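Paired with chain B in one complex and with chain C in the other, chain A is shared by the two complexes that follow.
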Partner chain A sequence: MIRFLTKRIAQAATVLLLVSVIVFVLLHMLPGGPARAILGVQATPEAIAHFNHQQGYDRSLPQQYVMYLGRLLSGDLGESYKLNQTVASLLGERLPKTALLAGLALTLAALLAVPLGILQAVRRGKAADYLLTGAAFLAYATPVFFLGLVLILVFSQQLQLLPAEAPQADTLGGILTDLPALVLPVVTAALGIIAAFSRYTRSAVLDNLSEEYVRTARAKGQSNARIMARHVLRNALIPLATLLGLHLPTLFSGTLVVESMFNYPGMGLLFWNAAQGSDFPVLLGVTLVAGVATVLGSLLTDIAYAVLDPRIRSVT
Partner chain B sequence: MTATDAPVSETAPATPGPARRTLAVFTRNKLALTGALVLLGLLTFCFLGPLIHPTDQIHTDLSQAGLAPGGNHPLGTTDLGYDLLGRLMYGGRTSLEVGLAAGLLATLLGTVYGAVAGYLGGWADAAMMRITDAALAIPALFLLVVVAAIVTPSKPVLILIIASVAWLSPARLIRGEALALRSRDYLHAMRLMGGGGSRAVFRHILPNAIGTVIVNATFQIADAILYVAYLSFLGLSIPPPAADWGSMLSAGITYTQVGHWWLIFPPGIAIVLVVAAFNFIGDGLRDAFDVRLEKS
Partner chain C sequence: MTDKLLTIEDLHVDITGRRGRTIHALDGVDLDLAPGEALGIVGESGCGKTMTALSVLRLLPNGGKVTGGRILFDGTDLATTPETALRDIRGNTIGMVFQDPLTSLNPTLTIGAQVAEPLLLHTELTKTEAWAKAEETLRLVGMPRPTERMRNYPHQLSGGMRQRVAIAMALVCEPRLLIADEPTTALDVTTQHQILELIDELRERLGMAMILVTHDLGVIARRVDRVAVMYGGRIAERAPVRPLFATPRHRYTQALFAALPERTTDGARTLLTIPGLPPSLATRPVGCRFAPRCGFATEICRTAEPEPTCDSGTGHAVACFHPGGPEAGAAASVDVIDVAVGGTETTETTATTEAAEVRPRPEQPAPAAPPERTEETLLRLVGVTKSYPLHGGPFVRRRTAASQVSAVAGISLTVRRGETFGIVGESGCGKSTLGRMVVGLEAPTSGTIRFADRDITTLTKRELRAHRREVQLMFQDSYAAMDPRMRVGAILREPLAIQRIGDSAEQRRRIAGLLDDVGLPRGSVNRYPHEFSGGQRQRLGLARALALAPSLVVADEPVSALDVSVQAQILNLMRDLQREKGLSYLFISHDLAVVRHLADSVGVMYLGKLVETGPAERVFARPLHPYTRGLLDTVNAPDPDATPAGTPLAGETPSAAAPPSGCRFRTRCPSATELCATTEPPPAEPETPGHRVACHFPLSGGAVGGR
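Let's look at the complex of A and B:
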């Protein structure tokens, strides 16, 4: 177990370091380089030269990278051009809100996808299975924003049941008190994940149903419900944890679109506004955080997986 | 996906060539055939449609703005007076051209990178794969948006931007294939006869992985079309008066409040159709080439 952990953590650390290299490269691709990014568009060439010298941007790239990494490790992500705030404090405000939205979407997706997947596996080859398979393929091909627009048209415009704007409160508690306004954003963010998870549950349950321990349980006269709960689901759902880790990037991209559509005040909206206003420190800060969160998320799910399923440790 | 599982040898007494066999399995898959027909229909609609229904998609006409479907405008008009049916054809051309080019370019780049990494193995492979791991850790849409915010996209730039992000997953896929192929006997034999690395990659590994490459290319094209749509929807694609299906949706979002549904459904359904079509074709090809691979 310890060997597995060290190996996996070392790998994650390498990837994290490379993520920072990628963001560093992007920083240097900016028009005018980092000086322009920090001093603003109106800085004079003299001011830029002075800044470059002062900050060490006239040194070699490897030296600069080491300095950049040092700043990152001390939590310095630069300052927004537009919002008169450090990127770190902006992220501190926005990240929990995105985590809330993503968490709700994931919970909803898991709650719906697992029963749907079981239903499909049990009714394999029947009408319900074909119908849900078709729906899942349709959901794969549907861009999040089109789905969101259709939901707005139907539930907000036609039926006038739900607001088309997400809660605008400053605190997480405030957001949660405005539940009707949360429905459309959360459902929009969840749909693609429901499709993926239900497909996965279907095939995992089917695989497990043909295992010998299921036949043994049947032979002992156990009921179908008990076999499903005690034997099949236990084995089928453990890998779902890994799937969660793999879906983190998709989830982040989804919240980016959902937040900009529904005007939900999270990290995605911050990022989108930054893209519209060429606020590069914010853009790169959010990109870095999304990358780091993905790496850490998949590390955690891998560890959870190894704890839950001892076979994994010996394989890797 | 459902595999059409009748063994080919039973149906064909005089053994046909591999290309025909592949085609036979593909056409037996109804979904794949539907996908191909839908794609053909969409291509005809976008590229030949303007001959039957010519419209002006450059100049705005505010006297014709925001009309509901009917009369001269079968799908209504936009807030700037563009005929929507015509715009659907015009915008579809951008979506399809950029999607196809970017998907193919991404496949090409990823395939060569993956094949080289897999063939080299060892440290070079580990280093090359950690780079793709890191780039894959950053959600693709975030990378795309940052790059699109740095450079203003035109059609060729957009193709490059999307390909520069999308090559990662084929790279991983082909690397796995190459890793398996490099220890085959014929590669040992080639090396004994003095063949070099580039010969191994281009003459042996790539031709053997071609099924995987082609199947992956169709999924890449579907993804690239979605990426174009996402970028345009976020307002970071080719600036107006150019249009594509994503930017049409983005332009329609304001008018959902007044119930202009015709701005939303046609481009949205077009995206769903084309993406589903490519996915079905990809699934059919996978069965036809009989390659098993993870669709990621």
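Let's look at the complex of A and C:
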């Protein structure tokens, strides 16, 4: 288990290094170089040369990369062109908020999708299965922005039950005190995931129900409910763990739409605004974070796998 | 009927598939079982034997339902009792063991948790007490180091050990009845023997009754008191085991016995087969279910259903209008089949094809034509080895001997043109790897493979492609080896197209010829593999292997998945084609009886090594290696009175990743000494030339008795 973990973490570190290389290359592919981007089209060649020298952009690429990596490791991601703030401090402010939104959405999705999937599997071919299958496809096929609009229209405009704007507080604690305002963004982000996860749960549970170990459990006199809880669920959760880890990065891009729609001050909104204003250091900073999230997601998947499946534990 | 533990009366079970098609899987089954008695249920696949076993505990598959009859167990009708009451019986007073120990255990729960589960359900024991009892039961089923095993997961155990766990699970509550559904079919011969012995011994000790379901007549011969033979969802014959094996009376039972390769050890003789296929149970057949395949069928057999008539003195019940008399005995069984073979050899196809499409084979080969065997060497292997790295991936730096699996470790053998060379051995001995190397699908790690005087390990890609024409592979599961979305015509044309042989008219002509050769209708070209039965698919597999007119066919367990009667058809076909076309076979199998029947020469493999080779009759009659001898002693002969000549093999095959030093067999060998641990025995020919053995202490003669 320890060997397995060290191996996986070493692999993850390697991938992260590659991510940093890619982001570095992207930085150098900015139109006209970073100097042009910052100083504008009107800048004189002298001003640009001065800027490049000041920033170290006139050295060789490997040297520059080492400098960049050094800055990265000390937490220096550069400065925003527009917001007069370091990228690191911007991310430090926004990342926890996005993580909160994504985490809540994911938790809600898992809590609802697994029981719904089991229900569909057990009632396979019955009305409940068809109904939930239909609902899942509808939710899955609806674009997030449209879903958000509908929810706002119904629950905020018509019924006046929930606010249409997400909590604007600066701290996480502040956000959490304004729970009603969190409901619509979280539900909007979660619905698609619920749809996908419940489908996967359904098929994983169905696969496992036809396994012979289930028949063995029945032959022991075990009841159906306990067969589900004790035998089937853990086996069915193994493929879901993969899905969860792979969903982490998509969740980040999903929150981009949700955040800009509900004006939630997270990383997605930051990215959105930076893209509008060509604020490249911020864009690249967010890209780096997304890369890290992807790598962490698959690392978490591997760990979850090893915890759930004893076969993986001993093989690797 | 109060003295009976279990009485099944007129049991009907229907299975409704997902498309609403209903199969009448059981159609009026009557059985009974006294306390402590052992009943064997035998029959071929689809006859309803497993359904009978499953319906006792109402564990029928999805869509399965008991539609009539009673299952009285200790005064309770299990067919109608509510599910909750049934749950108190399952795992408590009736225990059940299933076929595949690999899939019937939960991969994510520890052995301890799974064995203790029935105790926690059915007794008042605390968790600690239940675990202690579970551990004790594991010890009872012969599990080494039970304390440690309790915390293991199923994947950490070998197949035989997993089946012991499954048996422990079934026995932990000390049931009064044990139902074992093909408990040893997925296991190797030696493990199979150990498990059957274990069940026998436990049954004696606990005084349990048992229902043993199997397709293997050898398995039940010495294990049960009475036998029920099933056919088409009904009981064909029911009798105490000795009379049944001595004088089977139902024509189906007789045919079943006659098709066993054990009963026809002379390879020159055609095996007796049962023509045709078991009936489809979607519609209730009119008349006797066996009549379409029976050489004795008359008008009454086709119109009326025979009711079982029981001889009250012997308890021998037969549902047949024209049963073989007790006086006629085994001789009658041979007659009946000969009639059938002569009449309708190719009728296996009729079940799924229109009669007009059936073309008879060009002509029946003369049965006495001797095989065209020459002294010309076709294939010669010298010191061939194959090792696989244990761990892969970019992070593995060293490839040391310690991290390798030595699958094949120095094999030398010679196959002559026109002969059948049989390779026998248990799973994991490297026999399939050897076959794949001969075909050229894998390159040996070291050693040379010479085919028709060319070293195929040094061939260029182009030459290797040409070589593949000469050597073809026939698989165990031909269905899995065929693209399910390709029609038979395309499947058979593919090898011709790859090797660019003939234009499309010539290819069509060849394909028609191939289908004639293997006894399939020419119209098959427009059908898909799933439309064929198991035996027909194996015929297709053979046709594909023969498409390029090879001189050597490597057949890897070609009949292991087939029922006895169909197995006989395929073996006969393989032998006939060998004579017609002068083929050589490298015939790989775990089944000693099949190899004995077909092979001219035989090689016995153990853990990557060839321990003994020689002419088949000599190796089987006077084995020199203790392993060969052990294998022969372990085989379950289909004879209730057979007494094993020696001691069956104990223990398990060690891992090929860490093979024992010196002689690889020494850990299980009764006569192993210090020498065996230090020095690898060199091959020698101590008795007759050509009969080689790799053993420091070869057995000095003494024929294998019992058969």
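Some observations on this one:
Everything below uses one rule, namely that the second predicted complex is superposed on the first by the 292 of 316 C-alpha atoms of A that agree within 3 Å, B and C clash if a C-alpha of one lies under 4 Å from a C-alpha of the other, contacts with A are read in each partner's own complex, and residues count from 1 in each chain.
One rule holds for everything that comes next: a contact is a pair of C-beta atoms (placed from the backbone, for glycine too) under 8 Å apart; a residue touches a chain by one contact, two chains touch by 3 or more.
Worth saying up front: this structure is predicted, and the values here are computed from it rather than measured.
Taking chain A as the reference chain, the count of touched residues is higher for B when chain B and chain C are set side by side.
When the two complexes are overlaid on their common chain A, residue A:M29 makes contact with chain B while staying clear of chain C.
Once the two complexes are laid over each other on the shared chain, residue contacts for A:F145 go to chain B alone; chain C is not touched.
Once chain A of one complex is fitted onto chain A of the other, the partner contacts of A:S253 are limited to chain B, with no touch recorded for chain C. Once chain A of one complex is fitted onto chain A of the other, the partner contacts of A:T216 are limited to chain C, with no touch recorded for chain B. Of the two partner chains placed by superposition, A:A128 touches none, neither chain B nor chain C. Legend: residue contacts after superposition of the two complexes on their common chain; A:H231 is shown touching chain C, with no touch to chain B.
With both structures placed on the common chain, the touch criterion links A:L308 to chain C but leaves chain B unconnected.
Once the two complexes are laid over each other on the shared chain, residue contacts for A:F280 go to chain B alone; chain C is not touched.
Shared contact residues of chain A with chain B and chain C: none.
Those residues of chain C lying in contact with chain A across their complex are 57, 59, 62, 87-92, 95-96, 98, 100, 103-109, 117-118, 121-122, 153, 155-156, 166, 169-170, 395. Across the complex, chain B meets chain A through its residues 130-131, 133-143, 145-150, 222, 226, 229-230, 233-236, 246, 249-250, 252-253, 256-257, 259, 261, 264-265, 268, 271-273, 275-276, 279-280. Residues 7, 10-11, 210-213, 215-223, 230-231, 234-235, 238, 308-311, 314 of chain A touch chain C in their complex. By the touch rule above, chain A contacts chain B in their complex via residues 14-16, 18-19, 21-23, 26, 29-31, 137-138, 140-143, 145-146, 149-150, 152-153, 156-158, 164, 248-250, 252-253, 256-257, 260-261, 271-272, 275-276, 278, 280, 283-284, 286-287, 290-291, 294-295, 298.
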